[in-house]
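What follows is a pair of complexes built around chain A, which joins chain B in one and chain C in the other.
Moving on, here comes the complex of A and B:
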């Protein structure tokens, strides 16, 4: 049993990185516009299916890894501009219902196009096999996933802290009216921010397709843990989303090892414990990236 | 009332001003609501080039709403707002700001998690002009010392300076300044008004909202008094400052002598 703890911790880390990146996208969108994007998982699935179609028609996996999320971003920004934007002035409940409806429609559309069952999507041969990290041997694809997701998170952090646009985004989260009064077109901020969230979801969607499988509901299956991640990490904190995701991933994988029946429920127990100690979540009081 | 306001503007405008005869900012018959509640009723006023105009009145008279109507944050339901030859009524706020309208809001509205420097960087734009961040630091050296500090941790006076500096970085021709003395000690208020006086001398137009009427009248050329969303008085600032009984009737108990 003990010898399984290492690999299982690593699996938890991979799973947690997925939760973190999906939760980051949700948080970005929620922090700026108050929109709870229930369709976030659908954009993951979309990117996964797009990559599947590209690769099965001979496109390279590496190209699909970037192109599929970008197409999902275009769809996402169109959805934001036409369907979500008119609801910004209303209570968050309206956009929640709107995006929930979208996710149901998307699921059916995926069923029509790609069929009701899962489709096989395997990573490229270059990522087959296993690699030794010195102390232990891990599947190469999973190591690749962790590296890509870490790069994505670091890139996001640099974008938010080191660029003019990122500065405006962070300011708009605090006071979007004042940032408009200083001459910034907030509608552009909203659209780019939404696209950014979808891009993260899209990358996760392609990678998850290769590891967890691809079906019309596969993205939505990651959505619930991602919401729990946001709550554990603390609403409003992107750093919290990262920590929360990793905690849940590790909690689930370790529970799977010791009490398999309780693996599903472990994240809710974790959430309950965190909320009892800190009702705002772990980093709920902090600003974005400190 | 509208005719009176216009007459006042004509009387006070400098006949030697050859660049243009039109004021920089002109409101004409503006009505503004918050939801279903009407705040401004038939407000007409103007600010000339290089002019400092005080906008006085009690709490809830509609002073802040007037500024918000000008900037498009709360667009008017009726009437027009003209700025520098453009009819900006109904424009989004960012477009009006980009025409050169700087906003120093009530309560400062710092981006409190951002540093002093970052607050200034937010207001930089493509318009360019004499005001740069370096120049703001030169004029307000205290801000330079605090450039790396989160603005939420600055004192009220420092925040007010930063709010003014932030507005200046966008190189505005018109400054909308809302209650700059609010919550500040007398010495800091002197500092703030010294800066506003300097800005006046360098040709900036300022629309200055204040509850402390005498303070604002000291630097203003003209004044308007609002009551329940209507302009109830307009005229030269010196005239109003000299007639304290008139201020007392217009502004009730708020007079601070």
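Moving on, here comes the complex of A and C:
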């Protein structure tokens, strides 16, 4: 049992990195517009299926890894402009309900196009083997996943802190009316921000398809842990989403090792404990989001 | 609506449902589907109390609904209970669930409340899904209808009896619900929806009101779930799932948030619509999703909410329902922070 703890911890980190990146996308959208995007998992699944179709038509995995999320972003921005945008001025639960409807439709549409059962989607042969780091052996694909997710998170952090656009985005989270009054087109911010969230979801979707499998509901299976991640990390905090994701990933993988039946419940216990000690979540800011 | 008009209209609705067993064959509806409408509308009412009246995005009520269903299913399987006892156990399970979750939900408002209720609501789903030894897991549990509690004979409860029981429970629920939302307690909930800060400054302990509202809501959803399991003789994890919560919310919006009878109208459209469309096409879910999108974008007041607004065009005395019109427009121009 003990010798499994190391590899299982690593698996937990990989899983946690997925939760973190999905939660980051959710948080980006939630922080700026107050929209709980229930269709987030559907965009992950979409990117996964698109990559599957591309690879099975003969394009390379590397091309699909970038192109599939980008197509998902285009779909996402169209959805945001046409369907979500009219709801920004209304109570936030309307957009929650609307995106829930979208995810129901998406699930059925995927079933129509790609069939009700899972499809096989395997990573390229270059990532097949395993790498030994001396004390432990890791599957190459999982290491690759971790690297890509870290790069994505660092790129996001740099974008938000080092570019003018990122600066405006963060300012708009604080006070979007003031930003609009200062001459920034906030509608562009909303659209780009939504697209950014979907892009993160898309990358996670393609990678998850290779590791966790691909079916009409596979994205939605990651959605619930991502919600818990946001709550544990604290709403409004992107850093919290990263920490929360890793915590949950480790909690789930360790309980899977010792008490398999309690693997999902463990994240709720973690969430309850965190909320009891810190009602705002680990890094949540006082005063934001009621 | 004037009190007498409302009384007459309500009585007419109840009369129509009382004649349900005669009328439903004419509409080619199975009587158990109409029972399902009545039972579901109690769950929709439970969402309406939190979301429609108090303004809390309650997206986790399926947890209480499912706890009611599993309370019945487990007690029928493992304890030797009669019909009434099984329902009481179902309600107790939902009440306990509410008691456990309320302290967590209570502290937050707006989308934070929504997020918490979705996430916590899912706990029971995973428990039911995972503890296959006890709950049968994904396959669910059969719920044979236990005999009614009669000292002399073990009387079986047939579909017709179920229907009239559902009708009686529904009427009682509506009367109590209407009384509740018009009582000082209900007015306070509406005040919380409109402006909680103001309610606090008036010296109201709003957390305590929300706590009680949560428990009432959980109990109603539990009653609905218990009856539902006995009605379809089945309980499965999907009753606990957040999708189920979403269907309740949709039904509430369809019927009219913050209206007493909206829950019945919404549940009617949802249950009957599901029954009809899913026999015509297997792509019911696309219709359902489109219904969500269309309803939110073009019809956020719902049917009775729209009727309410239209009726108010004619000059008449101010009624309690006036405040409901403020529901969706109470923070115009504000980018949703859920305050």
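One rule holds in what follows: the second predicted complex is superposed on the first by the 285 of 290 C-alpha atoms of A that agree within 3 Å, B and C clash if a C-alpha of one lies under 4 Å from a C-alpha of the other, contacts with A are read in each partner's own complex, and residues count from 1 in each chain.
In this section, contacts are C-beta pairs under 8 Å (C-beta built on N, C-alpha and C of every residue); 3 or more make two chains touch, one makes a residue touch a chain.
Because the structure is a prediction, the values reported are computed rather than measured.
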> Of the partners chain B and chain C, which touch A:125 in the superposed model: first, second, both, neither?
Replying inline: neither
> What is the contact status of A:167 with respect to chain B (first) and chain C (second): first, second, both, or neither?
Replying inline: first
>> On the A-aligned overlay, A:57 touches which partner chain: chain B = first, chain C = second, or both, or neither?
In response: neither
> Given the touch rule stated above, what does A:90 touch, chain B (first), chain C (second), both, or neither?
Replying inline: second
>> Looking at A:279 after the superposition, I want to know if it touches chain B, chain C, both of them or none. Which is it: first, second, both, neither?
In response: second
> After lining up the shared chain so the two structures overlap, which partner does A:182 touch, if you call chain B first and chain C second: first, second, both or neither?
Replying inline: first
> When the two structures are overlaid on chain A, which partner does A:109 contact: first (chain B), second (chain C), both, or neither?
Replying inline: second
> Which residues would you name on chain A as touching chain B in one complex and chain C in the other?
Replying inline: 177, 288
> So in the complex, which bits of chain C are touching chain A?
Replying inline: 51, 55, 57, 59, 104, 107-116, 118-120, 122-123, 126-127, 129-131, 242-243, 246, 249-250, 253, 283, 285-286, 288-293, 295-297, 300, 328, 330-339
>> Quick check on the complex: what are the chain A residues that touch chain C?
In response: 30, 33-36, 83, 86-98, 100-109, 112, 176-177, 224, 227-228, 230-231, 235, 261-265, 268, 271-272, 275, 279, 288-290
>> Show me the residue ranges of chain B that touch chain A in the complex, using the header's touch definition.
In response: 71, 73, 92-94, 97-98, 103, 105, 109, 111-114, 118, 121-123, 125, 166, 170
> If you look only at chain A, which of its residues touch chain B in the complex?
Replying inline: 164, 167-168, 170-171, 174-175, 177-186, 287-288
